[in-house]
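Consider the two complexes below, in which chain A is the common component and chain B and chain C are the respective partners.
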Partner chain A sequence: MGIQEQYRSEAAELLSSGEVKLVIGFGAGSTADRRRPLFARTPEESEKLVLDQNCIANLTTYLVAGGLLTDGKKVAVFLKPDGIRSLNILIAESQVKAEQVVIFGFAIENNEVTPLEGRSISDFAKLGEKLRTATPPPSVQEEAERLEAMGSSGRFEYWKEQFSKCIKCYACRQACPMCYCRRCIVDVNQPQWVSTSSHTLGNFEWNLVRAFHLAGRCAACGACDRACPVNIPLRLINYRMGKEVKEAFDYFAGESSDQNPVLASFRQDDPETFIL
Partner chain B sequence: MTRILPKNKLDDCIAAWQKAGFSVLAPVQRHGMSSFGEVQKASEMALDLILTERTIKDHFFPQTEPLIKYKISKHDIDSETMTPPERKRIFFGVRPCDASGLEIDDPLFGWDYKDDYWFRRRENSVIVSIACSEADDFCMCTSVKLSPDSTRGADVMLRPLSGGNGWQVEAISERGTALCDTVSSLLQEETAQAAPLPRVDGKFDVEKVMEWLADKENFESRFWKDISMRCIGCGSCTFLCPTCHCFDIQDEGDTYQGIRRKNWDSCSFALFTMHTSGHNPRNAQSTRWRQRIMHKFNYYQGKFGVNSCSGCGRCTRQCPVDMGITETLQAITNLPR
Partner chain C sequence: MSESFEPKIVAFVCTYCTYAGADLAGTSRLKYAPNVRIVRLPCTGRISPMFILKALQKGADSVLVSGCHPGDCHFAAGNYHARRRWTVFRALLAFTGIPEERIRFSWVSAAEGAKFADLINEITEETKKLGPFTQYQELQKAIETQSSY
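And then the complex of A and B:
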């Protein structure tokens, strides 16, 4: 039995036994190679689940949307390693209870899908270490190095051009599992803290807010980057912020589910170079 | 015999138009995004794109637009109304769906009062459309009763020659005729076949859709929840849509000075309908999605006699979760009745 069939039948069992109320996976999309999030509530619906090399979205986002888990019931979700990493962060930040999530883990390597063993987050303890020591994909590493070599004024010009494309659609925020705030700071309008105007300055404001709020919290799943309709390489911002946090605090977000969130906790030996 | 614009005369055309006081905007690929931008030479144009990611709407109804500058001092209040520059522009290589989008929005911006910001730009612009020679899986102009060579909203229609070396030229409006006159010496009279139009299969039955939406019983249907479950509520589909036109007025600055701006807004956002009290009549994504569909295929039709969709397909093409209006309208078409 292939992994797709195996996961389908397991999902059907979980649903028919009432163990989970919902399975969040992938279904066929509007073209041959598109996949879309699929919500299966019945064993019959789980027959429509698809699992192949095109299933790249991070479905963790749905766990924290619309109060899905507030009833205490369990949900099963299809996750790649970066999805599991983001689930670790959500658990560490007390947004999701580990026992409410059943994981159908899978990895995509060289266009092949392989199952990841284990169904509960505690089964993936070793994965964090592996992710921490992995090299980032060339699409990130090489671009990041190119930007590094530009120097600060070159980088400023680069980001000015990129941010001038932003239309403040907030797809990056909506796609991000870590942007679960009930009211995002840019939506706080009594008074309006961050201007809603999408001119270059306003776009800088938004993208800086996003960058800082995701520092030490980003799972590098690339959801924001893929969602951005004007192709701003948001992955490069996330990567750079992740690097800063690693250098300053030796911290890798999402390595495990019992981490202390780095910017919401402190250690005696934290650097204090910014305190005058 | 038809009038032909040979491809190798395009640079001369641009020069002639610039001499006549026009700026020329065309599809361009810049900084990793395709949109309409000003060009000096034909080689800067990305005319092979099926469709630019951004629409020409951006140049008529920009994402942010200053309206009034104000300054309050001890004894006076100074204010200055800011209007868009009176710049003559040619939009070259507009796809028929985007050109139609402008015409669809005209009644909206001219309904209770005439929106100067929109109409000044409209009146100073000439739309030169190019019929499509390629379509993708998301194109759906034919489903909304348009076509890959629809002339709606166009001042001049160009049809690519089958040899690929130029276009048949047809002036549609007076403005278009006048524009062709400025380059008449560059146009040739020839017999040349136009390339065949791409096939764009019908994706849904818009009459059936409208009928279902008009039935008040369906407003609270479970359908809306089921179909929109994966929508994450971003503004992509509205901001990239050539016909979506909602905006918000914001004052930027402080009590003493600042700028009043008109900024894009989207019915996908929860904040769009949030009351000051905190109550939100559209408190779930499904009710916002319903609004988008109802607005486009029911309310707009009721008010202006036309649907607010030109079939460009961007809302599906660019949706981060592979939604878009096509699936919803297909599902409505196929509902048991």
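And then the complex of A and C:
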């Protein structure tokens, strides 16, 4: 029995026994190689679940949307390792209760889908350690290093050009499982911190704020990057922020579900070489 | 740079240490550059990175953020939290090409009036050398000309 069939029947069992109220997985998409989130509430609906190498979206986004978990019932969700990382962050930030989530874990390597052992977040403690030591994608690393070598005016020009494309659709925010604020700072208009029209200055500010709010909270799932309709390389900024918290505070976001959020904690001997 | 350039510097300071330090500089009759505009806040923990962006948006050439030395925070830990935040924000600004020399951080205690005066003089001098932050200010100008039609 393949992993898809195994997970389908397990999902149907969970739904028919009433253990979970909903299974969030993947269904057929608009083209043959696209997958769309599927929300199965009955055993019959779970027959439509698909699991293959095209299931790349991070479905944790849906756990924090619209008060889904406020009734205390359980939800099952299909997650890749980066999804498990972001679930760890959400639990650490008290947005999700660990016991409310049943995980159907899977990994995609060389177009092969393999199951991940365990159904509860506590079963994935080893995975966090493994992800911490994994090397980031070389393409991202190289591009970030190329930018670092440019000098500040070169980088400014680069980002000015990138951000000038931004149309302020906020798709990056909507796609991100960590952007769960009920009222986002860009929607605050008294005071108006970030200009709302999509000129380059406002775009600059929005993208800086977005990146800062995700510093030490990003699971590097790439959802923002894929969602961007004008292809701003958000992965580079996210990578740079992740690198900073790792180097300065020895912190890896989403390593475990009980870590203290990096910007909500401190050590007395944190580095401060830049402070006069 | 032309000699007539007088930089605008915005200083976000905490009320318990750096503001008191600035006050001491004043009562001690220490002279320092008049280019700084001080914004007093309850604690460095209250200083949001948004303030820095807003100051730049409104035409600041340099920004100073200053508070109590570690261990001296009136609220016990506000400056420790702020320190982590600045570390990360500074890296972000550097990565997006906003020169690090324009955003300064310091600890100035209530007893360090002289340090405050020296610091402001030093930042003013260095910002004069750097010149106006035209890179960023041009973005703001672009909006103003756009909205005029």
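The working rule: the second predicted complex is superposed on the first by the 269 of 276 C-alpha atoms of A that agree within 3 Å, B and C clash if a C-alpha of one lies under 4 Å from a C-alpha of the other, contacts with A are read in each partner's own complex, and residues count from 1 in each chain.
Throughout what follows, contacts are C-beta pairs under 8 Å (C-beta built on N, C-alpha and C of every residue); 3 or more make two chains touch, one makes a residue touch a chain.
Because the structure is a prediction, the values reported are computed rather than measured.
K.L.:
Counting only touches as set out at the top, which of chain B and chain C does A:A57 meet: first, second, both, neither?
P.N.:
Touch partner of A:A57: chain B, not chain C.
K.L.:
Output check: A:A211 vs chain B and chain C. Expected answer is one of first, second, both, neither. What do you get?
P.N.:
second
K.L.:
A:P229 contacts which: chain B (first), chain C (second), both, neither?
P.N.:
Only chain B; A:P229 stays clear of chain C.
K.L.:
Which of the two partners, first being chain B and second being chain C, lies in contact with A:S195: first, second, both, or neither?
P.N.:
both
K.L.:
Applying the touch criterion given at the start, work out whether A:I275 contacts chain B, chain C, both or neither, answering first, second, both or neither.
P.N.:
The second partner, chain C, only.
K.L.:
Can you pull the chain A residues that chain B and chain C both touch?
P.N.:
Touching chain B in the first complex and chain C in the second, residues 195, 197, 199, 202 of chain A appear in both lists.
K.L.:
Quick check on the complex: what are the chain A residues that touch chain C?
P.N.:
Residues in contact with chain C: 147-148, 152-160, 185, 193, 195, 197, 199-202, 204-205, 207-209, 211-212, 215-216, 237, 240-241, 244-245, 248-249, 262-268, 270-272, 274-276.
K.L.:
Name, in rising order, each residue of chain A that touches chain B in their complex.
P.N.:
It comes out as residues 29-31, 34-39, 57, 61-62, 65-66, 161-162, 164-165, 167-171, 173-175, 187, 189-190, 192, 195-199, 202, 223, 226-227, 229-231, 233.
K.L.:
State the interface residues of chain B toward chain A in the complex, per the touch definition above.
P.N.:
Going through chain B, the ones touching chain A are 31-33, 53-54, 63-64, 137-138, 229-230, 232-236, 238-240, 248, 250, 252, 261, 263-264, 266, 269-271, 276, 284-285, 316, 318, 320-324, 326-327.
K.L.:
Please name which positions on chain C make contact with chain A in the complex.
P.N.:
Residue positions touching the partner: 49-50, 53-54, 57, 70-71, 77, 80-81, 83-100, 104-107, 119, 135-136, 139-140, 142-143, 146.
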